[in-house]
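Look for chain A in each of the two complexes below; its partner is chain B in the first and chain C in the second.
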Partner chain A sequence: MFDTALSWNDMIFLAQGAGMTLMVTAVAVLAGTVMGIVFGVLRYQLGTWWSLPLTFVLDIFRSVPLLIQLVLGNAFQAIARLGWEPFTTSCVILSLYTAAYCTEIVRGGIEAVPPTTRRAARSLGLTWWGDMRYIVAPLATRVSLPAWIGLTLGVLKDSALVLWLGLIELLRASQILVTRLQEPLFILMICGAIYFLLSFPIARLGGYLEKRWSPHD
Partner chain B sequence: MFNYTFRWNQALNALPQMLDGALVTLQIALLSMVIGVAVAVALTLFRLSGNRVLRAIAATWVELARNTPALFQIYMAHFGLGAFGIHLSPYASLLAGIAFNNAGYLAENFRGALKAIPDTQTRAARSLGMPAGQAFRLIVMPQMFRVAFLPATNQMVWAILMTSLGVTVGMNTDLAGITQELNARSFRTFEFFAIAAVIYYVIAKAVTLAAQAFAWRMFRY
Partner chain C sequence: MIEIQNVRKSFGTLEVLKGIDLFVQKGEVLTVIGGSGSGKSTLLTCINGLEPIDSGRILLDGTEVHAKGTDLNRLRRKVGIVFQQWNAFPHLTVLENVMLAPRKVLKQPKAEAEAMAVKQLTHVGLGDKLRVYPSRLSGGQQQRMAIARALAMSPEYMLFDEVTSALDPQLVGEVLDTLRMLAREGMTMICVTHEMKFAREVSDRVAFFHKGVMAEIGPPDTFFGAPRTAELQQFLSATH
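Up next, the complex of A and B:
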């Protein structure tokens, strides 16, 4: 097992794959979070009934496999002649996927802010925006950050699926090496170790924050 | 707007085939859940046990399952196990990968659920004369399942969505696999995958509703 044909160049190839994984994840999480905050506030402000269309559309992204979404997105961009690169398509779909989950997290965070606190803010003369900015945002962030970190980890792992569109990210890179070197177990273990190294520290941070910031203990 | 002719007929004609695939998808998801729950209960017991080796096994399993992609786990079952001379079919490796993933997440759910059950329950059971195993089996476990049921429902939906990953290891009998084969034959990608998406959506919603109905029937006080 330690007698391997894997060279340093191959390790660099894997590192580039990991870079692609991180890049796709970063874009998706950034764009998804911005959209998620907007949609989450909208869902809260509009109430259950008026936000029903939005809820339904976002629910689709959570109830259809990501792989199918990616294939559909790619087919759609071809039909609509948008001429997107696989990277763009992957980022767009993953961002929407992230936004769908982030919306729920944001809404949950806003709902966790006691109405009395908000009414107190408004009666002190804060505008709706001021209330959102200075009262709701800090309190809601505290509640939703652990869940948001969990979502980021989920997107990091789910970003492996973009290999289906031909992007060479970490898993695809190791698959290419497996095909060439015929050492599946060893290379996949390295790939798994990289994923683990990327995700485990963030998972621990999330667990720590959850304990540290939990309002009731 | 689009310079493209949609051919929904062609895709709709293949609907019976795709629904057969949906049954396979559901079957894999259910089997993976059954195996996952069984292993997760074992892992939970390992974690509670005083044995350090058992605890380490449980912790490793849970962390590996939760910190690597599901697709990686399926690849590991399909390609990685070959190094030990174990060659799994796409069906078996898909099932193994998802069951491994489910077990890890469910074990974590069960651990959270155990925290919600007061210690006094165990103590009361023990003082009524039950041995530790019986107290856990008859008093703690039913309550644990009650608390963990809704998160487990989510995991079931996840399992259904994860079955679509089988297509990457050559699975061609489940919904995603059949859709991909039909697509390879006709190149009507959008139509076929749109219908597959609708079927997945319906399955996911049906499972969620069924689980809610079941929970209402079983777990209400």
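Up next, the complex of A and C:
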């Protein structure tokens, strides 16, 4: 007979952890995407050589493991006496990490729009901004969506690493319960199930949008 | 009037336009023929300001296209261009493709832009395809949509860059019929084409480009009937 010491209060504790995971992910993906769009357009417009400094910085965020970035970021904010809370530090580092990946997704999306299509748009009198807004953005979004959904799901899971800064998100909440109740398999299964429940709607939303847009191509 | 004065243009070390002088009067249909790489398509993109020139001048109704102070986006409203590849905007319906520039560039109200788009699409025989996405159209239909899209801006000049070259032979006729119709209506047109029969039939003048220079120009009867230069004679005999 299956028996567990897990109480409803513990489930609420896990739910609060999941809320923190969602919050950190939402802030990181939102800020990271905005920065990624700006950096991606800059990367495309400036060309390989002029965007070299930006590319170098973003490459650092893509190459160094996230855990090291979080620990170093936390240490630097302490040395600089910024007085950031763990939540702020986590969001800043995760946002930059997301932006580094999103930049390449955006750049790739823009490059996928045929130059001849853009030339046709400009020949109709559309400005650079008009071309970007009405032609490039919708077409690049369709191309970039699967990669962006993948990035978002990755950030959702990678956000577990912020537990090293003392933030009680889903995985940290599970660890605390495992230590207290000594039921690692059951609790980690619940934790995994919650991660799945958080990820599934995002993946389905991506699938839905892809399907909705596909007849237009 | 389009005036082209001693225009030179190079891509790297390759000079594609070697001092072109040409004028096109309002209401005139000028056809440009010539071999690949003769510079005829480049000339069209230079007239529209899509390509910069190295020297010389191109004037559109007295406005210098490549002068520093020229608002190219405003100037392009006067000059429609249709390319070999129709370049439909795949995320927009046929109607939205044609409405986009009048709405966003000319700032026309939606009803006005829609009425104009429907008129132009009906004009080119696509009145029954308004809500369809371009991917559902044939190449000839997409090319006619591109023509309607350019016409919706009410341009004073139309440039056609080998608009039938990428089409299957059975689809060429429908696009040429559309061009014939525009010519009859008095549209000022420069058509780069390989369709000799079409050039003979609709042109007021025909120009022959060869290795970046305009080797010969004249009315179709004398141009095709009594070509003066050896290059044109050779070109015509090769294409017949």
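Throughout what follows, the second predicted complex is superposed on the first by the 200 of 217 C-alpha atoms of A that agree within 3 Å, B and C clash if a C-alpha of one lies under 4 Å from a C-alpha of the other, contacts with A are read in each partner's own complex, and residues count from 1 in each chain.
Here is the rule we use: contacts are C-beta pairs under 8 Å (C-beta built on N, C-alpha and C of every residue); 3 or more make two chains touch, one makes a residue touch a chain.
From a predicted model like this one, the values you see are computed outputs, not experimental measurements.
Of the two partner chains placed by superposition, only chain B is touched by A:157; chain C is not. Of the two partner chains placed by the overlay, only chain B lies in contact with A:80; chain C stays clear of it.
Of the two partner chains placed by superposition, A:9 touches none, neither chain B nor chain C. Of the two partner chains placed by superposition, only chain C is touched by A:138; chain B is not.
Which of chain B and chain C touches more residues of chain A: that partner is B. Of the two partner chains placed by superposition, only chain C is touched by A:127; chain B is not. Of the two partner chains placed around the shared chain by superposition, neither chain B nor chain C is touched by A:48. No residue of chain A contacts both chain B in one complex and chain C in the other. Of all residues in chain C, those touching chain A in their complex are 48, 50, 73-74, 76-77, 80-81, 83, 85, 87, 89-91, 100-101, 104-106, 133, 135, 146, 149-150, 153. Within the complex formed with chain C, the residues of chain A that make contact are 114, 116-117, 119-127, 130, 134-135, 138-139, 142, 213, 215-217. Chain contact summary for the complex, chain A toward chain B: residues 60, 63-69, 71-72, 74-76, 78-81, 153, 157-158, 160-161, 163-164, 171, 175, 178, 183-186, 188-189, 191-192, 195-196, 199-200, 203. Touching chain A in their complex are the following residues of chain B: 1-4, 63-64, 66-72, 75-76, 79-84, 157, 161-165, 167-168, 176, 179, 189-190, 193-194, 196-197, 200-201, 204-205.
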